[in-house]
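Look for chain A in each of the two complexes below; its partner is chain B in the first and chain C in the second.
What follows is the complex of A and B.
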């Protein structure tokens, strides 16, 4: 089973090595990992997606909590959450027709053109895994030169809906 | 000086721990790190942003190249590249007025609403650091509940522009 774990850490050298070492020591392969700044510059948030059984993961979470640089550990798998990933995909686009087709596909998927070159186009898109996979499938026939993904980030959902409807404009 | 390094690695357990350990052993603090899948499921790409002097970083790159799981190491700092980051920001939004104001700010920045709740709104935005910092500044007055960032990903630019102008529709 896939688990999405959100870890708040002190922004010190070595903390990433210690945390990723903890997973690998138990044979967990990290599917994706994203580390970025938070509202506090001394603190970073790591979002880790791992595949593993409940019991071993429970032990890893306990050990994470024992690390001095770890502030909180949250297993989002048990909660309502949204997850998003960012993809950059560079595809071959040597003819005007290919370029137009690629731009049309990007627009239809709510994606943006990040770079338009003589031989290639780079498309950027944000979404959950299924949206990212779909865009990748649609662009594959043109010839993929390069793919870079951020790995997932996730956040708990606000469980209550707003009472008042949004004013229509 | 900040360096953006793109490392293609075999997707094996422990590779992340070894690579991040290599940086921390030399006192490099990793500003951000993103690991995601590529076009080949056995291969992952890590984008690492670190601050450090040229000479020490040169040594780290050499040592990265020696690691058995490392396929290629690219220092994008010396090239033309685009970089992008994804931000999720959850802000307080208990009144209809606040909700409308937040949605307006998001729209004006080309950002999307990822979650609309009774007490909070989560906004997602993609951009370079300056765009992400600007949206964060604009949303701060509402009260930031949570920020998650992916860390940067980067890709080299196609240096030549397309010859033919794109057909206008």
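What follows is the complex of A and C.
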């Protein structure tokens, strides 16, 4: 099962290497990883999507918590959360019909045209995984030249829970 | 008013504040300012002959004293030579602060002379590491390094210090306290879990305490003893746990695992409750993991949450410091003496004792028994890795904690001698014996110079069988006696000892063993005893890799 883990870390050089090194050294697979500064510039948030059973996830969370630079670890999969990803997809669009169809699909999916080329169209979309997968499916028949995804970022929904301390084991 | 100090002086002042007494190290281009400041600093500085020796000596010092060991090396090769020693300390949770020189800040990343990305290299083998970029951070970083190294589950911390930061100046203010928002180790176990454990113990019929290095690290031997006696439970120990409970006590089962005693392994396999204390269910301990203690529930006390349920499923986990948890547990736990279980253990002990062939030949086990007798079990023993290590674990009767120094997790050959040096520096009043093999000793034999020059009078017993004995044993048992590259053609260890200014003794006969040990004990110098032992002696009993714990060979039942 895929888990979305949100990790608050110290915003230092080398922290990303510590996290990614931990995943490779312990044999955990990262599906995606997105990092950015938070409202507090000394803190970064990493959103990590990782595949594994409950036991692996327990170890992932504990091992992350053990790193000195990790402030908190939350498994969002156990909570209500919003997740978003940005996709850029460049598809072949040589004929006027294809061009019209692609633009129509993009509009119907709430996606934007990021670039109109002579031979291709690049579509951008922001959404959760299912939306991104669906758009990719719809555009595939035209011939995909290139796909770039940012990896998922996620945030818990406001359901008036008390703020979580560092997870207890 | 505070005066300005250089980074190098700040390191020295900070180490003073941390109560550091001894430092092990080796100079070089990128630590020149630091060594200049060390020139008139009040530490005992032990100049080693190879940086690996410095790291192991700092580790041995830490294991013997309980205080963090400190080692210093230059950038590049100096730093990379520390790596094996740092990894050794990491695997066994030993508090250590390693300070490495680094090229000037503006040269970092330029492949400068003697540059190595040591924070990158040591990231997976340190508890934490720092590259100091600004001298203003230095005092805080040293303070944090000692705090992190010695609290929670201890471990090594590397401080990488560029040469320009060593020279830069700032005001020195040593922080009184450490504030790391993300590092707050749990010290006392959850009261609810402790209650559950007490209930489980009271209901158990066949409990076994399985104690590891965590008991040592926590300083909880006394509590362990009271606990075992209060609940009438036998105690088995891991290699790193030996000495946590006195070997000659009735409840002691000695070591468990691959080369553990048969009775310890039988007790585990027949137990209905394993109480794991500061141990981590290593594969050398559990044997085939799915069939480890098949009838037992498991209580696991450990300060590191990642150690819990990593290898085996645990029924009652208690995250916390062993000493604190045992103290709490002692207040509420009761379990009456159970004759049936005690008799069963007694029966196994009588039927399957540790043994070796008693004849005229010079057997390595005999040497260790004699060292144990001659030192009355009171010496600090540093071992190397392989047969010498396992025989020491089996035949030396450790009575107290912090008296066996051995690389358990990483299994580092060449560890013993420099670790013994570190131990002798930390506890000069104790006899320190290094029990090594003809293979292992040669991995750091250059430290004879360090020991002799600094009057660090350790006694080295080489169990010389002209083989890499443990590998040869596996080749004999599992590779049809095809002794691929395990035969050693050795130098004359007596003459090597003498060339370094130490005393060398060769012992070829059984009757010469005790006199040689006595002579070593009465010699005020480093002594190398070259025991020419039976070449193809094996360590038994043995649980072959991947087999069940009670599936032992050579237990001579």
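Definition applied: the second predicted complex is superposed on the first by the 159 of 169 C-alpha atoms of A that agree within 3 Å, B and C clash if a C-alpha of one lies under 4 Å from a C-alpha of the other, contacts with A are read in each partner's own complex, and residues count from 1 in each chain.
Please note the rule applied: a residue touches a chain if its C-beta (ideal position, glycine included) is under 8 Å from a C-beta of that chain, and two chains touch if they have at least 3 such contacts.
It should be emphasised that the depicted structure is a prediction, and the values quoted were computed from it without experimental measurement.
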Original post:
Just chain B (first), just chain C (second), both, or neither: which does A:71 touch?
Top reply: second
**OP:** Considering only touches as defined above, state whether A:109 meets chain B (first), chain C (second), both or neither.
**Re:** neither
**OP:** With the two complexes superposed on chain A, say which partner A:21 touches: chain B (first), chain C (second), both, or neither.
**Re:** both
Original post:
Taking the superposition as given, does A:55 touch the first partner, chain B, the second, chain C, both, or neither?
Top reply: second
Original post:
Quick one: chain B or chain C, who's touching more of chain A?
Top reply: B
**OP:** Tell me which partner A:157 touches in the superposition: chain B (first), chain C (second), both or neither.
**Re:** first
Original post:
What is the shared patch of chain A, the residues that chain B and chain C both contact?
Top reply: 13-14, 17, 21, 166
Original post:
Residues of chain C touching chain A in their complex?
Top reply: 119-120, 123-124, 127-128, 131, 148, 180-184, 304-306, 308-310, 317, 319
Original post:
Which of the residues in chain A come into contact with chain C in the complex?
Top reply: 10, 13-14, 17-18, 21-22, 25, 55, 58-59, 62-63, 65-72, 166, 169
Original post:
How about chain B: which of its residues touch chain A in the complex?
Top reply: 6, 11-14, 16-17, 20-21, 23-24, 27-39, 45, 47, 82, 84-88, 90, 96, 99-100, 103, 112, 114-120, 122, 124, 126, 136, 144, 146-151, 153-155, 157-164, 166-167
